[in-house]
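Questions regarding the structure given below will be posed in turn.
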Amino acid sequence: MTDITKPPFENILITGAAGALGSVLRDSLRPYAEQLTLSDREPLGDVRANERHFVCDLADRNAVFDMIKGVDIVIHLGGAPRENTFQVILDSNIMGSYNIYEAARQEGVKRVIYASSVHAIGFYECTQTIDANVPQRPDSLYGVSKTFVENLSRYYFDKFGLESVCVRIGSCFPKPIDRRMLATWLSYEDFSHLCIQSIMTPSVGHMIVYGNSNNSANFWDNSQAAYLGYRPKDSADAYRAEVYANTPVGDPRNPAVRFQGGQFAADGHFEDSKTK
Amino acid sequence: MTDITKPPFENILITGAAGALGSVLRDSLRPYAEQLTLSDREPLGDVRANERHFVCDLADRNAVFDMIKGVDIVIHLGGAPRENTFQVILDSNIMGSYNIYEAARQEGVKRVIYASSVHAIGFYECTQTIDANVPQRPDSLYGVSKTFVENLSRYYFDKFGLESVCVRIGSCFPKPIDRRMLATWLSYEDFSHLCIQSIMTPSVGHMIVYGNSNNSANFWDNSQAAYLGYRPKDSADAYRAEVYANTPVGDPRNPAVRFQGGQFAADGHFEDSKTK
Amino acid sequence: MTDITKPPFENILITGAAGALGSVLRDSLRPYAEQLTLSDREPLGDVRANERHFVCDLADRNAVFDMIKGVDIVIHLGGAPRENTFQVILDSNIMGSYNIYEAARQEGVKRVIYASSVHAIGFYECTQTIDANVPQRPDSLYGVSKTFVENLSRYYFDKFGLESVCVRIGSCFPKPIDRRMLATWLSYEDFSHLCIQSIMTPSVGHMIVYGNSNNSANFWDNSQAAYLGYRPKDSADAYRAEVYANTPVGDPRNPAVRFQGGQFAADGHFEDSKTK
Amino acid sequence: MTDITKPPFENILITGAAGALGSVLRDSLRPYAEQLTLSDREPLGDVRANERHFVCDLADRNAVFDMIKGVDIVIHLGGAPRENTFQVILDSNIMGSYNIYEAARQEGVKRVIYASSVHAIGFYECTQTIDANVPQRPDSLYGVSKTFVENLSRYYFDKFGLESVCVRIGSCFPKPIDRRMLATWLSYEDFSHLCIQSIMTPSVGHMIVYGNSNNSANFWDNSQAAYLGYRPKDSADAYRAEVYANTPVGDPRNPAVRFQGGQFAADGHFEDSKTK
Amino acid sequence: MTDITKPPFENILITGAAGALGSVLRDSLRPYAEQLTLSDREPLGDVRANERHFVCDLADRNAVFDMIKGVDIVIHLGGAPRENTFQVILDSNIMGSYNIYEAARQEGVKRVIYASSVHAIGFYECTQTIDANVPQRPDSLYGVSKTFVENLSRYYFDKFGLESVCVRIGSCFPKPIDRRMLATWLSYEDFSHLCIQSIMTPSVGHMIVYGNSNNSANFWDNSQAAYLGYRPKDSADAYRAEVYANTPVGDPRNPAVRFQGGQFAADGHFEDSKTK
Amino acid sequence: MTDITKPPFENILITGAAGALGSVLRDSLRPYAEQLTLSDREPLGDVRANERHFVCDLADRNAVFDMIKGVDIVIHLGGAPRENTFQVILDSNIMGSYNIYEAARQEGVKRVIYASSVHAIGFYECTQTIDANVPQRPDSLYGVSKTFVENLSRYYFDKFGLESVCVRIGSCFPKPIDRRMLATWLSYEDFSHLCIQSIMTPSVGHMIVYGNSNNSANFWDNSQAAYLGYRPKDSADAYRAEVYANTPVGDPRNPAVRFQGGQFAADGHFEDSKTK
């Protein structure tokens, strides 16, 4: 019989904890662990009860190994949050995520929840309904780094049995603010719910799940992650009239309108201005 | 910033506007265009504010080119509404639809919403759940003409970028009146909603969507048109007891019971009585 | 015009009628037939109005032929309900079901609803979302017998036109009592609803449908049986907190946690202790 | 026991018999029928032994009905062989083919072999390997008419049991003369072989098969027509060096290079110059 | 380093060894084992060097356990070779095969090669090209028993790791003698080759492979068993003219012509004459 | 008309040119370019006619940009050729390949042929036949880096139109030397042939192709790259007897026997010995 006076996990690490999504989980995951370990490059404010704070760069291997000791669940949100130079992507997202996975493996972490992104598949057209098994089609170097971690986590599961849920987050903001977000919007509450399902499901293996709310317009078929039991409760539809009133009708030939990645699919290469 | 005092489109043409479905859209699309252009072979009654009327045969190329000038959206409902001689099908549905598409291309129409039909796929069995990518299996010459326009519209998108949504309408009537319609019924309100989603979605490319209400019994998987955000609100289930009381139990070996097209799949060839 | 003062069927036979599921259907199917024929190896209690009772072994061919005379619908629940020796499985499930199908064919039964089981596909992992067309992967000799009857019923439809709906029942109990049942639980009411849809749908051919309630966590994609119009109304989610409180967190490497069949997939062979 | 002194069919009708492909079959099908009926708009030259000639327009219904009497197999090659005005396509390909199918049905023809075309699917990219079940994507009005007849023949099989093999012919010429034909070339001998297999296979239902030779480069997966036993013996590879020497390297962004339909996919609309 | 003076296996058991296929393997497998164990209900003739003979009924559990001791590979050909009463099928094919698998598991056999049949999928139409993952569609009680053993062997692999290759044999005879066999014929040499590949491939898990020769006409896609490296060398095509001369043209509406199972799919139920 | 006295390309860059595969292409690609640019970290020996040599580290951005000027085709073989520490993988394979692609884009290279590997999908089982669209399943950090470049090249095509062919090379050696290589072996001649097809095909977009010879045993379905016209001429079968004689029978439960990646899938993590 489980001791129901105790939370189900001992220590949940949240990386990128100072960001908007990290702040959301800092509250909502509190009942699920005896201790929360929070990590970010930026200061995390006051240390609340049952929290540990680490201000560090994930590219610093020793720092990552230190903070992961005793952790049983990792929620990995840290890294560059949008397109950047390849060097920044390499350090923050590729090296940083490798350190997380290698430390998790060596320290016996049970499961990692990874904040992947729509930009891992941003070059599919909005009119294509895709599931989690389609070949990745990143729309940016940022998106390429997301596919890197998805594949790295697959490797850690196949070889070492370290479970992962990779959540391809659409647009996680307080509310949808353009017409594309009528499909991609993920409310903060639904994001929390999805993370909680991801840690509470008995067996997840290696799974990829799309993260958007219960929006009428949708690009994604989440049926392959049905065992997670994710049932979003919010909907971008509540903001439809407001979005229509505030945003222009797009041209369907514009890549930002045509592709799931939106503006990321339309932007020139980040380093164009720097080279040649 | 969009001028929210203006409707999103300048001029929407509805062909077949004198029919039941045309009448429904004549009301529900009013807020979406500054002007409605209505066309039919039959008189359309009084001209309401912001309407233009054209009484013409769609097989008349010049008439079609005249009325399409200045139109940005076409809702193409016109043509023979059920099985007929091949000559009638040829003139009304094949030649008529070609004229609509060719005029739309030359006059710069943005998008066509085409009233296709269950009869484009009416020879699938009721027990088969099909999506929009299955090979067409028409159940009548009428159904063959529906597949013709679906393919013609695909061509106009692939070569000229003219967008289309082809709606395979089930049974669009005030209420379901036989057991098959418990699956195929499309309420007038849901039909309006589907048309509005089809014109308001930023990018549709060439899309095929099934048109039925939120009926428990269903043949169709609309997931490939998920970006349209179509969420029917009515359901044939409300009429289930009434239908059971008024209609006999069918024999599953009867083609009208076995196939999605119902009676169309069972009927002998329209011209049987005329030839030989 | 149907005589609405009469139920739609003349005589529904329920095998295994003394069990929990049989008792449920004994009540809920009453309005659908003029007479219920109930069969079990155990006594069935008082004979209610419009009931016929047969206490017999389904392996007894003559007894099966006797009781099936005049029946138009069979709900076949009878047989060994869990793993057993091969001889018991052979007699109760294989021979017994053959007798039911052969008698149904010879006596002109219209349709059989067969109680198949999750154990016909119990060796798929919980993280796999499967539809009804995946190859069978039984988790026990009991499960192998379920696949036998599924294939036998396919044969009777393909060759003789005898229709069947095979319901792969998850966990049909008063409420879910372990973490796996949060996905597999089927309430008694939803089970009744599914059986009623299975007999009232005009044409079913040979169909396989998964039987669970409207649980957030799910392994199964029922879209191929959409024509049945099965819409479960209960959900294991209502019992989630209770289940979490009363059951331990499982190890995802344990076959009972990892596979859809649960403990059946983990158990050693039933006859291990008896042989050698 | 079959009388082996007799050919397997009584009367094979070849439409479009004066063209290059018709001439090929006029020779190769001779042993397969007691009589060949040849039809074309152009004169067919001397009448050889066991031949009947009809010079007629397929849009002439009575003429078609006359010549099809007594025929058991139709090889339907007739109609406009490339892009044209819609009126020509409508008369020659749509009306003409309807007359063929309707006459075949009424006169009890056993099977029709229809010369469809790569242009029925010409808007797939060369880098896509497609089978016969992909949605049609015509590259021209000519191609749209080919999809019309494919669907018309599907209807005649589903409703009346009239069997058809639709052969999507690539480039049937004496030899490949551009780089695209290294994939699409169909030799005359292989074309004959494919037609012979199509008439000799015991059961074909409604089948679509791609028609190209055994070329190393290929767009098409013919596995769905495996029962035809089509095994091409020629290969465009024998002409590869010659083609490379005589043709320029194409630009992969040119539609004529990028799409399976080649130049048809690149050409502006046939009627562009005529209208407006 | 392997001792190349020794055959790769110690003891191969062939059941049904007195039949035509058993006789073929008795010769061709000789180099692959130090000892051959041969079993049949009929006498097996003279005992050759390195052979053991068992004349027994496979339904006799003790006899099966006795003869399987020391065996590392089983080639299971034994059982009723065609349609029969259900009781015969039950004893010979279902009980007999269970005994083989259960004995194999308990005695540590490495791998079983099972002679399944086209009749496990005989109700697919000849015009359908199927792979090994399609749902089984048996054409007879015999075919149902073949699907039983396929599923039983899947269970023994999933739960106990006992590997199996199930060979769906088409028509294994000296030469093809009817038009259907132009697709289904499997020469004796190709059968031997397929069995040898099945035992020599390093890892087979649970695999289903179709067994026919390199015939131009074909129903089956063997790509899912590509690792076996089966490349048939014979072809029914060599007998095509002979078959055409000796057999009539079939009617495509005859089930024996239309379905892959041929006459099995057309025959009435074996027990029709016995019952009622 | 093409000038047939000139090779089709101006300047082909081969990275990793000092290795075995580079040496093969150095000879075979000579007729296809006016100049070969060869790059490696190791000296490349004598400079032959029409060659340019660069000894450099691909992680050196400036060196890569220098040598790529004037190149129209890149054959990218360079980088760490097997498992290594993550730092080596990061520098040699990830940073190095990024430099190649970014330089190719900026300098207007037409097409890149990338030497990917079986280790990008090494965790599929040998018994699974996979095509190029399955999700990647790398078996090592080396394999993860291969998936990184596959996705990076997809991004460069989707956003910038830079074409790539990614060749998942099996085992490219003088001859197969273990049982797994009976499936994965790629002869030097077939490798050259595949590279030549990859540069000569008019349009390749972004394509993934498996690289093995015409071996009877096979894991891979190359049909999605059919347009390349790759037809291997060698076969591992010629070495089968030799391999059997020299290598032991494997245990199918050993990951090195069970998985497509062979020993890479079985090896512990490269850095295991260094950490903790």
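Letters A, B, C, D, E and F mark the chains in the order given here, with residues in each chain numbered from 1 onward.
The rule is simple: a contact is a pair of C-beta atoms (placed from the backbone, for glycine too) under 8 Å apart; a residue touches a chain by one contact, two chains touch by 3 or more.
Chain-to-protein mapping (UniProt): A, B, C, D, E, F = Uronate dehydrogenase.
Here the structure is a predicted model, which means the values were calculated and not measured.
Common neighbours of chain E and chain F, by the contact definition above: D.
Under the contact definition stated at the top, the chains bordering both chain C and chain D are B, E. The chain pair from B-D, E-F or A-F that repeats the A-C interface, sharing more than half of its contact pairs by residue number, is E-F. The pairing of chain B with chain D is characterised as same-residue: of all residue numbers used at this interface, over half are used by both copies. The geometric centre of chain A is 41 Å away from that of chain B, both derived from CA atoms. Chain E has its Cα centroid 32 Å from the Cα centroid of chain C. Inter-chain spacing, taken between the CA centroids of chain B and chain F, is 51 Å. Within chain F, no positions touching two or more other chains are listed. In terms of inter-chain touching, the protein chains here follow a pattern that is not a line, ring, star or complete graph.
The chain pairs satisfying the stated touch condition come to A-B, A-C, A-F, B-C, B-D, C-E, D-E, D-F, E-F.
If you check the complex, the residues on chain B that touch chain A are 1-2, 4, 8, 161, 163, 197, 200-205, 207, 223-231. Taken in their complex, chain D has these residues touching chain B: 86, 90, 94-95, 98, 102, 105-106, 123, 133-141, 143-144, 147-148, 151-152, 154-155, 158-160, 265, 269, 271, 275-276.
The residues of chain D lying in touch with chain F in their complex are 125-127, 129, 179-180, 182-183, 215-221, 237, 244-250, 252-253, 257-258.
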